[in-house]
Amino acid sequence: MRITELFQRGEFVLTAEVGPPKGVELDHLIKDAHEYLKTRVHALNVTDNQSSVMRTGSLATCKVLKDEGLLPIFQITCRDRNRIALQSDVLSAALLGIENLLLLTGDYTTLGDHPQAKPVFDLDSVSLIHAVKRLEEGFDIAGNAVDGAPPKFAKGAVVSPCSDSVDVQLAKMEAKVKAGCEYFQTQGVYEPEKFIKFMEQAKQFGVPVQLGLIIPKNVGMCRYMNANVAGVHVPDEMIKELQADKEKTKAGDTGVEICARLIKECKDYAQGVHIMSLGWENRIPEILDMAGIAPITPVV
Amino acid sequence: MLITQLKSKETIEALAQGKTVIINCHGCKEVYFAEHEADELQKDLNGVTQIITTDYICNPDNLKLQLQKHTDVINAADTILVFSCGVGVQTVAAQFEGKKVYSCCDTYPLPGFQGVTPLNVDCGQCGECYLNGTGGICPITACSKSLLNGQCGGAKEGKCEVDKEMECGWERIYRKLEKLNKLDNMKYEAPKVRNYHNPNAEEPII
Amino acid sequence: MEDYTKFKLKRKEELDAVLAGKDNLFVVACNKCFKELDSFDEPECGLFEEIAKEQGKNIVGSAQVDFLCNEPLTSKSFQGLIPQETENVFVISCGLGIQTIAGMAEIPVYAASDSVVVDGYHGMALTTTLCEACGQCYLNITGGICPVVDCSKSLLNGQCGGAKNGKCEVDKEMDCGWQLIYERLEKQGRLQELLDKPVELRDYSKVNHKFVSEYVKSVREERYEGYYGGIHPTEFKELSEHIAVVPFPDPVNVVIPMSQHAGAPAEPIVTVGQQVKMGQKIAQAAGFISSAIHASVSGTVVAVEPRLHPISGLDSLAIVIQSDGKNTLDESVKPAGDIDTLSADEIIEIVREKGVVGMGGAGFPTAVKLKSPKPIELVLLNGCECEPILTADHQVLLAYADEVIYGLKAMMKASGAPKGVIAIEDNKLDAVELLQAKTADIENIEIVVAKTKYPQGAEKMLIKRVMGKQVPSGGLPMDVGAIVCNVSTAKAVSDAIQLGMPLVERVVTVSGNRMNKPGNYLVKIGTSVKDIVNHCGDVKGDDVTVKIGGPMMGFAQANLNVPMLKCSNGIIAVETTVKEAVECIKCGRCADVCPMELRPLYFTKYALSEDWEGMKTQNTMDCIECGCCEYICSSKIPIVERIKIGKTAIREGK
């Protein structure tokens, strides 16, 4: 099932994110997915060596989740593989019945735990989207014909609506759409006004956008993101909100409340929500409940 | 243009084996050469029979000429330590193929080709100049990831995620095109992809 | 020689596409770098113009520029280069040149060329040896063959399976790098090392933006400090900078040449056998630009005949005096008055009469300089002593600070300048401190500390640094309202007024790596260089060159039986340099270091082909012969020699 079908049906598409471990024991990940996510979100992003930290591959983890009856979104970054490997992995995904992709440029190598590695970036998000589209048309990007029936995917990408250079982001978004991108997940939003303003511009592209949320766990995390994470800005009032009731924040309740509120304020302008829970998968049901979003019927 | 940094003291000390001749190359001193540190370090090394300071040892004929009067001491040496860029070390090593020739420096690149003053702009020597689409700012060198199709999501306050002192190359490009009224350049027609094989070839590949 | 030209014209189809919709073009082409200089007609300007014209484009103008990426020089020529009606600029150059122009122009700039791909950096000779500048040199484990550059895959742990007959699978013309490494190590008996070495992994984070940009910033700051160009040769001033001045033992005789100054040689007014006293005038000025000369000892004139001259290398008229050892002063040696009571003209007359000439090396008659036909706003004293090794002016500042200041005041009064500056390089902080303390209460005299860079002491560089002004091409300091003199000259002016002593002695540095006992001496004019060198323990080694002056602009002496002159500030003994000139490789370093912003590479060829028009076009006459170009030349071309040939020809009206 390609999630583009859900968008086409007019569904408010819900997705969450899981990160494979630096190892081969996936039990915990699978358990959480079943318990908290299967009936609350339509699909699950599986990150690709996120933040340049080496972990078990997204493709293999996607397959495991698929076999568990879940709907995975294969995240692919351009940091670690050249165009040969990338196209090969895309075909491998199709072979394994994985039809949902999120195509990213990727964080730079020095941000992670192998800072000495050689950064590849042979392709970037735009050329990768294009490459996938070409494969769907039956050709690789060197012009060779694909053997047999070409694959078909739901091609997604990322955009940062709250970036301080939002005009530059919009230009990139347009390029991605023209290259063949069919849906977007945003970077974490904490400022509804900015998101709404962004969507006013973005809607001209006619492509569905999911509101991206990162659960604000504590003040420290917010300050870190403000200083270091691109496209993310937690406003002062929100930080004060987290500071106000320390016990509540510690219990994770403030963060959950904030997320729910953000969904309520923004959902009329978005075509879905993507929650990045950073290990707090178990709070997702609560967030969706508070936001007034009912459980879903699993699509697989 | 090339500059050198001394390898660690421990590394250099380990390289000085037996009778050691040192060759310092000051040819690119105007760009950079850790003259003072090299002198200090060389004072403490054991077994040094001669310190030769000259320039442009990357020129094999000049090297031969400069070393002529030191023939005897070099022949008697067990090790030759070279304080120069990689080109100089390789040239010395080629001239004394039977001798142990060691590099005491690591070589780094600075932007710029001619002269002795590095530039604020760099050329990636990609062979397929992209400057026409970017208002004259090179995406290969101004972007840490050498992206060709626009900004990634990593820029914060106009700075690159890799180094906060570095401006996001693609943001600079966007602003420049805006200023020139050429934002149309960024309109997508086909994705730009590098040709790593033979960009200078007469026939286009795709 | 290899050709490492950095760019070639784009393919016609691509150019047609770029040209579409653009008209009224100005074409800038770079004259290329890093290839043998066989002709000055390089770029593909003509070819591009043809393509543009085919498209019916209007070419508004074109220019061929040397070293387009040299920002300061290019931005200077750029002003006024592009005509008003230009709408688009097309640049034929590597990416650096294009970006340099794009950074300067307000209108759109386009690339008509692509860079040429080379993996790795070449050195300063156009050989096939390359370096990848990876920041983690592997040459020590490979016997001096680079695995990053010489292996197509840049492998670090040995050969891959692709080599066939010792050739690389990627390029059959290329030797397998790892095979070469194996053979080299085998030759050196180091194969076991190769087998025992730990696994190597490249660290790609070594070369990063932060590292590079910090170096770029610091090197650029240092290079552009004060004035464009210049170099930082190793100074060796520690050999003599802490040695206080002592009087050199009185010479037994002195040989005083008639030509110790710019302009006409002086005419002797004494005869053989005549008794003379110290400070007595023995030769009179012979024209407007000339100078009187005085006896530096008391004794008998034993000869008035041609003697070997240290600068011309030829014999020229000199007065030889046998000293009586008494140093009896002439009657004319008496105080002339005070600056406050003497008029400007009276001061100038004293300076003229007492034979004061520029002691920084040029020997220009100071009185002529002071009587400037143009208004003077500043008297600038050169206390920089930018030549390596020399420490004479430094010692003059330390030992004779009061006299230097007095002399400056006198020169200010004589020229009518309201302000005075003493410029001192920052390698003489003790002198700076002393002079600052002594001038603290003098409102119109300032001490300027200049960052050490050769040739900061040259008058045009001083003016640039201190006044921020540029002396016009072919012009003089007075054109921008300045008079520049050496600090020793200022002391001589002070002695002339306060003591009535003419210029008969000066501080000289005797030093250099090959001088056994360096020192700073107060030497009488006419003292034998040989005697001085002997006194300083003679030179060590066979491969020694003795120069009068500094290493950069000094005059090598084959014969030490020559006398010290008024303008001789040093005697140095240095290792004889051995070099052989090869063809210019257009590395652009000469243009980068020339403080007069010339392009010395042209002189290398024009002198040989006797193209004097070409020399004129390239402003040879503006050259101050500082030697920076020759110092940095990677082809070891004797550029100053060639410039002098050109200047002589131009002066002769050729």
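The letters A, B and C name the chains in turn, as written, and every chain counts its residues from 1.
FYI, a residue touches a chain if its C-beta (ideal position, glycine included) is under 8 Å from a C-beta of that chain, and two chains touch if they have at least 3 such contacts.
For reference, the UniProt names are A = Methylenetetrahydrofolate reductase.
Quick caveat: nothing in here was measured; it's all calculated off a predicted structure.
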When I count C-beta pairs in contact, which pair ends up with more: A-B or A-C? A-B
Chain whose Cα mean lies nearest the overall Cα mean: B
Measuring from the mean C-alpha position of subunit B to the mean C-alpha position of subunit C, what distance in angstrom results? 26
Give, as an integer number of Å, the spacing between the C-alpha centres of subunit B and subunit A. 39
Compute the distance, rounded to whole Å, between the mean C-alpha positions of subunit A and subunit C. 61
Could you list the positions in subunit C whose residues touch two or more of the other chains? 206, 208
Of all residues in subunit B, which are in touch with two or more distinct other chains? 144, 162
Could you list which residues of subunit A touch at least two other chains? 110, 119
Where on subunit A is subunit C touching in the complex? 109-110, 115-119
In the complex with subunit A, residue positions of subunit B that touch it: 144-158, 161-162, 168, 170-171, 174, 183, 186-188, 190-194, 196, 206
Subunit B - residues contacting subunit C, complex: 1-3, 5, 7, 15, 26-32, 35, 56, 58-62, 65-66, 68-69, 85-94, 97-103, 105-129, 131-132, 135-138, 141, 144, 160, 162-163, 165-166, 180, 182, 199-200, 202, 204
For a test of understanding, state which residues of subunit A touch subunit B in their complex under the given definition. 83, 104-108, 110-111, 119, 121-127, 129-130, 141-143, 158-160, 163-165, 167-169, 171-172, 174-175, 178-179, 187, 228-231
Mind pulling up the subunit C residues that touch subunit B in the complex? 6, 8, 10-11, 13, 18, 33-34, 67, 69-71, 94-96, 98-103, 108-111, 113-118, 121-125, 127, 129-137, 139-140, 143-146, 184, 187-188, 190, 206-213, 215-216, 219-220, 223-224, 231-232, 234, 543, 578-580, 582, 586-589, 591-593, 632, 634, 636
